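Next come two complexes built around subunit A: one with subunit B, the other with subunit C.
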Partner chain A sequence: MDLETLLSFKWGIMTPEFIILGAITLLSLLDLFMPKTVNRKLLGWLGLAGILGALVSLVTLIGNGPESILFDTFRLDSFAIAFKLLLLIGAALVFLIATSYETKEGLDEYRGEFYYLFLAALLGAMMMSSSGDLITLFIGLELLSISSYILVGIRKKNRQSNESAMKYVINGGISTSFTLFGMSYVYGLTGTTNLLDMARHVVMLTDSQHIYLLGLAFFMIFIGLSFKLATAPFHMWAPDVYQGAATPVTAFLSVVSKTAGFILIVRILMVIFYNIPSEGLGTMPLLLKLQDYLAFLAAATMIIGNVIALRQKNIKRLFAYSSIAQAGYLLVVVTSMSAFLFDTLWFYLGAYLFMNLGAFAIIQLVTQKAGSEDISEFAGLYRKAPFLAIAMAVFILSLAGIPGTAGFIGKLNIFMGALVTEPSHYVLVSIMIATTVVSYFYYFGVMVQMFFRPAVEQVKFKLPAGLGVVIGICLFATILFGVAPNIALDFLQTNFNQFSDFFQ
Partner chain B sequence: MNVAYLSILVFSPLLGILALLLVPKANESLIKIVGLLATLPALLMSLVVFFQYRTGASLASFTEEYKWFQFGDPSTLGDLFSIKYELGIDGFSLVMLVLTAILSTLAAIASIYIKKEWKGYFMLFLLLEIGMLGVFAAENLILFFIFFEITLIPTFFLIGKWGYFEKEKAAFSFLIYNGLGSAVLLIVIMVLFARTGTSNIEGLTAIIASDSQHLLLSAGAKMGLLVALLIAFGVKLPIFPLHSWMVRVHVQASPSVVMLHAGILLKIGAYGIIRFGMGIFPDQFQEIAVVIAVLGVVNLLYGAFLALVQIDFKMVLAYSSISHMGIVLIGLGALNEAGIQGAIFQVVSHGLIAALLFFLVGVFYERLQTSNIPNLGGMAKGMPITAGFLLAGAMASLGMPGMSGFVSEFMAFLGLFKEMPILAAVGALGIILTAVYLLRAVLGITYGKTQRDFAGITDIRRAEWIPALVLMGIIVLIGVYPSVLTEPLTSTLETIMLGIGG
Partner chain C sequence: MENAWIIPLFPLLSFLFLIFFGKRLKDASAYIGILLSLASFVYSLLVLFERFTSPTHKAESVWLTIGDVQLTAGFEVNQLNALMLVIVSLVSFLVHTYSKGYMHGDERIHVYYAYLGLFTFAMLGLVLSPNLLQTYIFWELVGLGSFLLIGFYFYKDEAKRAAKKAFIMTRIGDVGLLIGMILLFWQAGSFEYDEIFAAVEAGAISSTMITLTAILIFIGAMGKSGQFPLHTWLPDAMEGPTPVSALIHAATMVAAGVYLVASLFPLFTASETALMTVAIVGAFTAIFAASIGLVQKDIKRVLAFSTVSQLGYMMLALGSAGYVAGVFHLMTHAFFKALLFLAAGSVIHAVHTQDIEKMGGLWKKLRVTGPLFLIGTLAISGVPLFSGFFSKDEILIAAWAHGNTVLFWLAVVAAFFTAFYMFRLFFMVFAGESRTDMKHVKESPSVMTIPMVVLAVLAVVAGYVNTPWFGTFLGDWLTDGNPALGHGHIEGPAWIMIVATIVSLLGIFLAWLIYSKRSLARDWLGASTLYNVLYNKYYIDELYEVTILKVTKGISVLLRFIETFLVEGIVKGVAGAVSGLGHVGSKFQNGQIQRYGTVAFIGVAILIVVFTVTGGYLK
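And now, the complex of A and B:
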């Protein structure tokens, strides 16, 4: 590639990524050369500024038609923009949580790394949402994964942290190899790694053996990626890792990393597998034939997540299972493949982002104060800190899908999508609603602790500014999108034109 | 008439919630006064509408409609899949609104017995009132569901925090049963919405009625949806065997909460069955009318038999509620004008009677710390006025002529005897049992052997007079002058009868 082609690319569409990259470089250099005595929290604020900068530049890119550079490996379509918005907002909130994170083991030695690894992981996630090629997709995935492996184990002197990092790496390695193996089949059959080229190739497939192979590839890719979503069958890591990792890292894994996983899955599923005819030219897409299997995995995830959560005593493990269940609900969206797929996925991921990060901010505050992660530490929170208790109640109600919160509208969207298709997914919807009722048990168990149980000791909470802002924003957004969801839905309609450029 | 009149009515308790935020949490009397005052706007506004309607004003002018949000692309879908904020009333829902407003105010008065954390209590209480008012004013299924769920959360806390010994267990069983009920309801609503593209109740009724060829939904699907609706509202009503949670709640929650619970929340079940079950699926409803009547008789007899052996007065009342809700089902199962009218009458009348009786439970529980019937013996000597009201309430409940209970039972059975005489004859046994268990319980309390010293126990006094007198007054009023209810209900009944082709 000569300089001329290099310069001819429209680099502007990569501005958000460049800003994040710049922030990573700056942070790592500063961390290296700054005297040890300087508080590294400064780096956290710098990183946050970088994310906000990227967010602003991304907003200015809204409305750009589908554009791609670097030989179609990096594309910016409305899908990428819409979901990158979620990633950046999520990462910004996680950063705010991270700046208030304190631990007994003394994180100060690595606090610099702590911040720029978050940014590196975020960059990976952003690359994934914008990639038009299996190679960039995979590199983004690996950047995200490897950064998160280190983040999970960043409390080097903590045994649990090390254990969970080990589990995370091994599970992650296995699942990645599944994905890669699956991808190799698709590559072998089409001779290209470009997603849209692949789509053009597979449409013409008539050989049933080839289609069979692609079906196999589909399962391998999907199962490998279920690791990132923390859905069945690769959900087992979540409770251990969530428990062992530092709370901001847990928050990151449960929100940003999960969002990235869904972005990746939708990209691959909808571009490649939706275009494969099941029995020769012009027949029903292979993906629709495989819908039942997806439905099975979604149902299994919802049941496993919600049922096992009932028995948890550790709040982070509880939220690990809760987030498995939530991922199950999101899989229902993917499974139903209705006309509302993108809108619903976007809205629910957005709602989930606010309600879950808000809850994690409070969890961090309470567990840090108590030095224990037992649910009973929430006892009497209403007396100690009424605002925190009410905010937590709102987040929990939203996760449980009670009206008045964003979670309810999100669920309504999901039901709509699953029922509007022909044939309707009655069974899946019934399972989803039934498991939601099961989830009341453990969600309201936390409420009982906060509101009904007396506190062991009366201590006042000091709300750090960072956490205060996160809780405030999340509370506001959770209620706002519950009462006036039209703000988000209209924004989606006016700016992204039904995601019609997804296949262009 | 007035813009947003209904919205203001429904959300008026919100003012009280905001005002309570400013009141210091230790100021008990001020909190109670603010809590009570906050229920008054809704009461006044609903009474104004009621009297205007009685003098011939139309209710159509109260309808409100605003765009709320929409799924998908508005430019291609138009009005389809959009969810609107729609409020409106007809005679039936107006009656329920008035009932809700009256009982809320009276229950707020009865909340003088609350002993702790008054501020949180009243905030939840007012939120519950918003939910209940909204349920009856909603013209849109999804809006209905939202209000329906809004009643769930405050009730959970009101039971779980301010109840008696096993309150948390009761709160959880309330939550899970009702959670399941509303889950089923949500499935029905979403199926209807996804299939027809609208969630407006009137619109849906029209669409389903015109779909006699079963193009949108197969006949089986419609029947399935109706059965699901019956289950969803059957939990609320409650229909045997979905009733166990309700007994727990009646026994464990504080009397002021039970007044609302027995008076209004259970009635949402009946309202739902009439409005959605009968309203949207009239043809299918006719097919299973026999089942509903049988369920009604089962409820009536089962509740009555169990009430017969209870020694806790609250348990007697709880099973009596189950028994009385059987009469609602009997009336609906008859599927003729008399039956349905009887069912609606029973909804209103039992709401008032149950509220009265539970209020009286609150009155003597406050003084004697027991609701055990033998322990209460001889109340007529110690607290003659309370005992008198108790006896009068029991008379109303067992259907003595001249009181509201008589009118509703009479009409419901009149309806059923016309259609299914044998079943009705079996059911009529229940009326005898009702008299037996109520008289056994109440006579045991008022004239039973005196077990305790009533010295120093005051009788009903001051603010306690208001709920007792008002409820008694309305019960007698409906009993001697039923047209105060029949007239507002005429047009609703006509619509329903038109739907079922009667």
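And now, the complex of A and C:
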């Protein structure tokens, strides 16, 4: 590659990534050369500025047709823009949560790393959503994963944190090997790593043995990636890791990392496996034949997440199982593959982002204050801090899918999507409804603590500005998209042209 | 009428205002709540009057677009809505006023009024909804308001448990509603009431589907309206403040289930099976709850079971195609039951106990509450000339005319029970002498008695809007221009009215013999030695005791048994199984990373083996 080709690329479409990369570089250099006495929180605000800058530049890119550079390895289509928006908003909120994070052991030595590792993980997630090639996809995935491993273990002097990091690394390793193994089959059968080229290849497949191999590859890739989603059967790491990690990291894993996982899975499934004919030219796509397996995994995930959550006493573990359950609902979207798959997925991920990050902001505040993560620390919150309790109630109601909140609209979309497709997935919907009912028990357990239990001691809460902003934004968005969801859906309709450029 | 959407906004304003500024206002917050609820009542009244002369008004706009499906939001004022608006806002206003006295001195009074506002907002919003989805949203909000109000005394364990139980039990019903709603949407392509009815009429939905969806929606109504077997939360919900019981568990939220069935009436009439289900569940609930009411000792629990039983009556009416009868009884019941609850609250306020064994002789001490309670009791017992008489009569006629002979007689027996237990309650509380040492029993302040007086007047006169003697204004108006709802008035044989009267008087007489007479005799006996002279009188009492009471008590014990072991057993069994599963699951999660990897590996292995076998790749 000579300089001329290098310069001929439309680098403009990568601006958001460049801004993040620049921020990472700047932050790590500053962290290295700044005197020890300077408060590293400054770096947090700089990082936040970087994310916001990337967000702005991404917004200006809205409406750009599908373009790709670097020999089609990096592509910017409406799918990538829409989901990167979620990633950046999520990361910005996580950053705000992180700036108010304190530990008993003291985090000051690593606070700088803490911030730029977040940015590195975010960069990985963004690359994943924009990649048009298995190689970049995998690199993005690994960048996200490795940064997350370190983030989980950032509290180096805390045993739980170390244990979590260890578990996370090992499980991550297993999952990666699954994914790579599956990918190697696809590569072997098509001779290319470019996603769209692969699609063009597999359409022509007629040999049923090859299709069978691709079926195997599908399972390998899907199971491997289900590690990122924390869905069955690769969900078991989540409670242990969520519990041990620092709260902002947990929030990051449960929202940003999960969103990235869904972006990746949808891209691979829809581009490659949707184009594989199940029995030779022009027949039903292999992916539709495999729907039942996906449905089974979705059902198992919803049941496991919701049922085991009933027994949890630790709030972060509870939210770990809750996030497994939520991932199960999202898998229902993927399984049903309705005409508005992207819209539904995008909306639910957005709603989930706000309600879950809002809840985590409050969890961090309460657990940090109490020094314990037991659910009973929420007792009497309503009397101690009515605003916090009401905000938490809204987030929980939204997670439970009670009308008037964004979570309800998201669930409604999922139901409709699963029912309007042919054949309709009413069994899956029934399981989803039944497990949702189960979820009320543990969600309302938290509500009962906050509203109906007396507080052990009366302490005033001082709400740090960062957390206040996060809670305010999340509260506003959760209610706004619950009452007027069309704002978000119209935005999607007018700006992304129904994601029609996905296959171009 | 174009501005009817403002009505729910007053209480919402009250809620928001009090939540944010209530703490500073303290007692003054009551006035804000009262004023704003008065505003919505006045507005509702205007809307009702306007609705008499002008046609149904409906306004909607697009709310949500998914794919090419458009969902709308808006409001509608038809006859039923207009009537409900007035009932809800009136009772709410009266309860707001009454609470000023009842909750006086409670340091969280602003929170109480805020919750009342939230609840009223949700209930009024529910009533105005023109489509199922919007109804569902407010339906849940109503449940939330009720959850908060029942659990208001959160420092009491029972209150906490009751709040949770109420929420979860009604949610179980709501799942039925949600599924039914989604199925209807799937079949009719819309959540709009009008379009669903049009689809039903055009035969676009198969008859089995109509039956299925109607029954699923009825399950939702059963949860909210406390129909068997989802009724268990309602008696427990009495842990909330008494005015709340008057508002939520007498006049509004529990009536929401009846209202839902009434507003989807054309769907139900399209399926004979669905109607029959509604009628049977209603009639069974009516007699089941009434028989339990016979033996309760807590003044509010008697009223709670009575509410369950009366709601069963309304369901029976609707299930017997008696649309007017059901709605009519919903209205009269709202007035007299709210009155009874408020009067009971006034009694509790005076004597600080809810146990009727400890009361007695309060007639002389509570000179205002006593007569008011009596009016309510007469109305609910179906004594002629009181409102309950006319509406209950309509229901019995509807059941008879629809050919439900068995259900008709069940309803008659339930009417007898009703008269009996209500007067038992009345005599035990007010008649005779006080059974415990009660000093300082003071009548409630006028801020509490005046709302009761208003309700008492309505409990007497509300029946006259729809009588076989003076014309059936209500019925004609409700069904005007809507043949799908049936006739304004169903003609029935005259003997039904006579039977109903006899049965209720008999119940009252029996209660008087047992509870009033005996206590008189007992007192007199204590002062005299003429034991034998009075033996016969006692003998009659004993006879009643042995025959009628034993039998009814037997039935009620049996039904209690069903309740505690069968219904609660199933509920507990399911809950236990789920939580057991959770236990196994969390045990399985042992922190060993090897196990986690193994699970993933086994998962892949199973999937691949199944894929290989079912795909025929092993051949």
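Observations on the model:
Criterion: the second predicted complex is superposed on the first by the 504 of 504 C-alpha atoms of A that agree within 3 Å, B and C clash if a C-alpha of one lies under 4 Å from a C-alpha of the other, contacts with A are read in each partner's own complex, and residues count from 1 in each chain.
Following the convention adopted for this analysis, a contact is a pair of C-beta atoms (placed from the backbone, for glycine too) under 8 Å apart; a residue touches a chain by one contact, two chains touch by 3 or more.
Quick caveat: nothing in here was measured; it's all calculated off a predicted structure.
Contacts of A:212 after superposition on the shared chain: subunit C is touched, whereas subunit B is not.
In the overlay built on the shared chain, the residue A:403 is in contact with subunit B and with subunit C.
Residue by residue along subunit A, subunit B and subunit C are tallied for touches, and C comes out ahead. With both structures placed on the common chain, the touch criterion links A:441 to subunit B and to subunit C. In the superposed model, A:415 lies in contact with both subunit B and subunit C.
Contact with neither subunit B nor subunit C is seen for A:60 once the two complexes are overlaid on the shared chain. Within the superposed three-chain model, A:239 lies in touch with subunit C and out of touch with subunit B [touch as defined at top].
Once chain A of one complex is fitted onto chain A of the other, the partner contacts of A:343 extend to both subunit B and subunit C.
Shared interface residues of subunit A (contacting subunit B in one complex, subunit C in the other): 339-340, 343, 397, 402-404, 408-409, 412-413, 415-416, 419-420, 424, 429-430, 433-434, 437, 440-441, 444, 448, 451-452, 484-486, 489-490, 493. For subunit A in complex with subunit C, the residues that touch the partner chain are 166-167, 170-171, 174-175, 178, 212, 215-216, 219-220, 223, 227, 232-234, 236-237, 239-240, 290, 293, 304, 307-312, 338-340, 343-344, 386, 390, 397, 402-404, 408-409, 412-413, 415-417, 419-420, 424, 429-430, 433-434, 437-438, 440-441, 444, 448, 451-454, 484-486, 489-490, 493. For subunit C in complex with subunit A, the touching residues are 19, 62-67, 69, 133, 136-141, 144, 148, 151, 154-155, 159-160, 163-164, 167-168, 171-172, 175, 178-179, 182, 185-186, 578-579, 581-583, 585-586, 589, 591, 593, 595-597, 599-604, 607-608, 610-612, 615, 617.
Against subunit A, in their complex, subunit B makes its touches with residues 67-74, 81, 142, 145-146, 149-150, 152-153, 156-157, 160-161, 168, 172, 175-176, 179-180, 183-184, 186-187, 190-191, 193-195. Touching subunit B in their complex are the following residues of subunit A: 339-340, 343, 397, 402-404, 408-409, 412-413, 415-416, 419-420, 424, 426, 429-430, 433-434, 436-437, 440-441, 444, 448, 451-452, 484-486, 489-490, 493, 498.
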